[in-house]
């Protein structure tokens, strides 16, 4: 009975949403009101100064030097959101470790690890680490960036964790990385406030669009985010792979 | 790289339908573990959707975080539960 | 360098540092909050750019008449609250730093999506802080509802983005005023999202579970500071950005009125001290929402200020009482203030101010609400608000009588159960309550400054020249 | 097309949140809702025949038609925030299981 009522409720709601979005002359496609959209300025990088167009490997010293426009928005135009996002993940990892404070014993899986698994895991872990690092160092050139890159690092740590029994002792160093990466991110923002005028301002030269060493603070910020996310994700996984000590 | 217009429409339609089916399955399946797997599969189809909508950054992030990490966390949660259940059963068996 | 961004950046930086410098966590927390509460007095009113890109392309922080005084109140009270509970905050120091950054961000930000990020930061910090009360299932409900709410809010602002192509509040406000289509569905989604945070009626299931068992620390934090900040945000979005009209205003106002009446009625029926205050908070939120929706921003600001200060004291004292005695059933609290007169007096001042007795600040709040409502709308809203105020006075006076009553009629409460306040804890709580109570008393005798300030604040959201306010000097101006 | 699917997924998630009485199922419903929301947001920025908003050697000038990059940036943020809340709520779920020995709200005796 309850189920039918809720289905009805949801269907009515859906009908209402549908009519108000698509029937009543509401315009859901951004392409048509591009004039008012702020994204064109992001694409041509002409927020502070008028800029005709950006050409790959040719345009230099623009207000923002990232070839990947999403990265440009995430780490430069709206960098403050990203700081908040990092904070949310930070809070989540603290929260998980606080909620599961009594869970301290590591899981004992039934399966014993053997030599083949260990060697294979090491091989894959190496490749995954390289992939993760590649992803966040090339965040301003290719898709990816700090968040998936950091998560891949976290995933490779998980693999180490599952294949090596004595890995847990080394987890403490991640706390240092997490803390330092976060602090340096905020510090970069404050340096921007003092060296240039605004918080989180890009105070380094932006270089040529498309070059590996370009885009000012964007790669630095993404590397920091990658390290921070990697250590936070490892922390969360570490906390989840425990069980409560019987008291 | 030009994708044929009709092919594109067919692909979006297929992805959309699969997303909805998997969404319903994820909520309505009886076992929790299969719910989690359906959710993971749904997340993978969402990745396809993001690729079709020309959002490679989002697609990579969703693939790694949405269908990778979140699924792992769900499964770790459920593993802990089954282990606890087994212990309880053993205890119950001992008292008998 | 009085940049408001430091109110967010410094606590965040210290929070990141505090997880490796575990030994000096609490000093870092106090340092950060001390810094914030000093900095707030030097901030100038203007728009501050972040990242070097002018809005609407970049994100900006806005300091104006509307939020400046809230920033001061919230930061100072946050510091006071932490100092009052210094022994309890150690495990939560990091989270508290982030919570402080989150609250400041909510008050300051001038961008709708950035607001979403800060709602998430503040509410996740709240989830973690609430684990102090060990009510995991109830907090879990809060998590689910809170996350659902912020998702709905996000959906709303994305629909607005699709329509107007901007996320900046000031920009959006201008475009909506000039636009032809009213994006009703987006308004409703944003309303639903924010209504959960400001505890409006169909969405406030979480409040009961969370605040019923709140301690002297989480109670004032969630019940007073968070609630106040969320109302300020609601006012900013619905008063300043979205342009509601006709039937929307009426139907949403009805939700507010129902919340007000139901809240006061449930408070009247409550048997436990904290239950009374949480229901009263719900009612006050309803009142503030009604006022914002009716365009009476200046009185809404008054309501929020009065509510933050009075609920802060009430939750603090109630939490302490519950911690000392072990429960907060009103019937068993007979004559509790006879042992602790100073605390009792502060409690009494605050609650009398809450119901709007003359000479207290609340009186001017109430009278201005009624004047503004009578002038602007038809009769039914002020009539219902008046009824709610009567219910409120009834239960508050009943409560006060119980708590001051000396056990003359045979039963002596002192002998049945001796509430022995440990003097050290009692002293700090007493001092804070008395100071805040005196503030309410003083601003009750000289209300003009606060009221003029609130008129200024209201004018930030929408200019209204026909405002009449009741002040001490000139009566009706 | 995917826009509609996103909206339907949001509604399915809502339906799940209303009806389900199992903690894990509630978190799954929330995730379904979030995936739907993310699809919807990205679809808002999709432009017919637009290309991915990355300058490369092939698409080397900003004069081409790109899809709107801003919604994608928003979704990037939303995905990570969603993962954070999911992790936190799963931790709560484990804690609740440790005290109540069940995920089912009915079995815990919680009233509707």
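First chain written, first letter: the chains are A, B, C and D, and each begins at residue 1.
By our rule, contacts are C-beta pairs under 8 Å (C-beta built on N, C-alpha and C of every residue); 3 or more make two chains touch, one makes a residue touch a chain.
Predicted model only: the values in this text are computed from it and were never measured.
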item	value
Pair sharing more residue contacts (C-beta pairs) when C-D is set against A-B	C-D
Centre-to-centre distance between subunit C and subunit B (centres being mean Cα positions), rounded to whole Å	39
Separation of mean Cα positions, subunit D and subunit C [Å, integer]	30
Chain centre separation in whole Å, for subunit B relative to subunit A (CA means)	20
Centroid distance [mean C-alpha coordinates] between subunit C and subunit A, Å	33
Subunit A, residues touching no fewer than two other chains	17, 21, 28-30, 37-39, 42, 68, 70, 78, 81, 84-85, 88, 91-92, 95, 99, 143, 145, 147, 236, 240
Of all residues in subunit B, the ones touching two or more other chains	55-58, 61, 65, 69, 73, 77, 80, 84
Contacts with two or more other chains, residues of subunit C listed in rising order	113, 117, 120, 124, 127-128, 136, 159, 161-162, 167
Set of all touching chain pairs, with the criterion as stated earlier	A-B, A-C, A-D, B-D, C-D
Of all residues in subunit A, those that touch subunit C in their complex	16-17, 20-21, 24-30, 33-34, 36-39, 41-42, 47-48, 63, 76-81, 83-85, 87-88, 90-92, 94-95, 98-99, 175-176, 178-180, 182-183, 185-187, 189-190, 192-194, 196-202
Complex interface listing, subunit B residues touching subunit D	9, 12-13, 15-17, 19-20, 23-24, 26-27, 32, 35-36, 39, 42-43, 46, 49-50, 52-58, 61-62, 65-66, 69-70, 73-74, 77-78, 80-81, 84, 88
Subunit D residues within the subunit C interface of the complex	10, 14, 17, 23, 26-27, 30, 33-34, 37, 40-41, 44, 70-71, 74, 77-78, 81, 84-85, 88-89, 92-93, 95-96, 99-100, 108, 110
Subunit D-facing residues of subunit C, complex	113, 117, 120, 124, 127-128, 136-137, 139-140, 143-144, 147-148, 151, 154-155, 158-159, 161-162, 167
Residues of subunit C defined as touching subunit A within the complex	1, 3, 5-6, 9, 12-13, 15-17, 19-20, 49-54, 56-59, 91, 94-95, 98, 101-102, 105, 113-114, 117-118, 120-121, 124-125, 127-128, 131, 136, 159, 161-167, 175, 181, 183-185
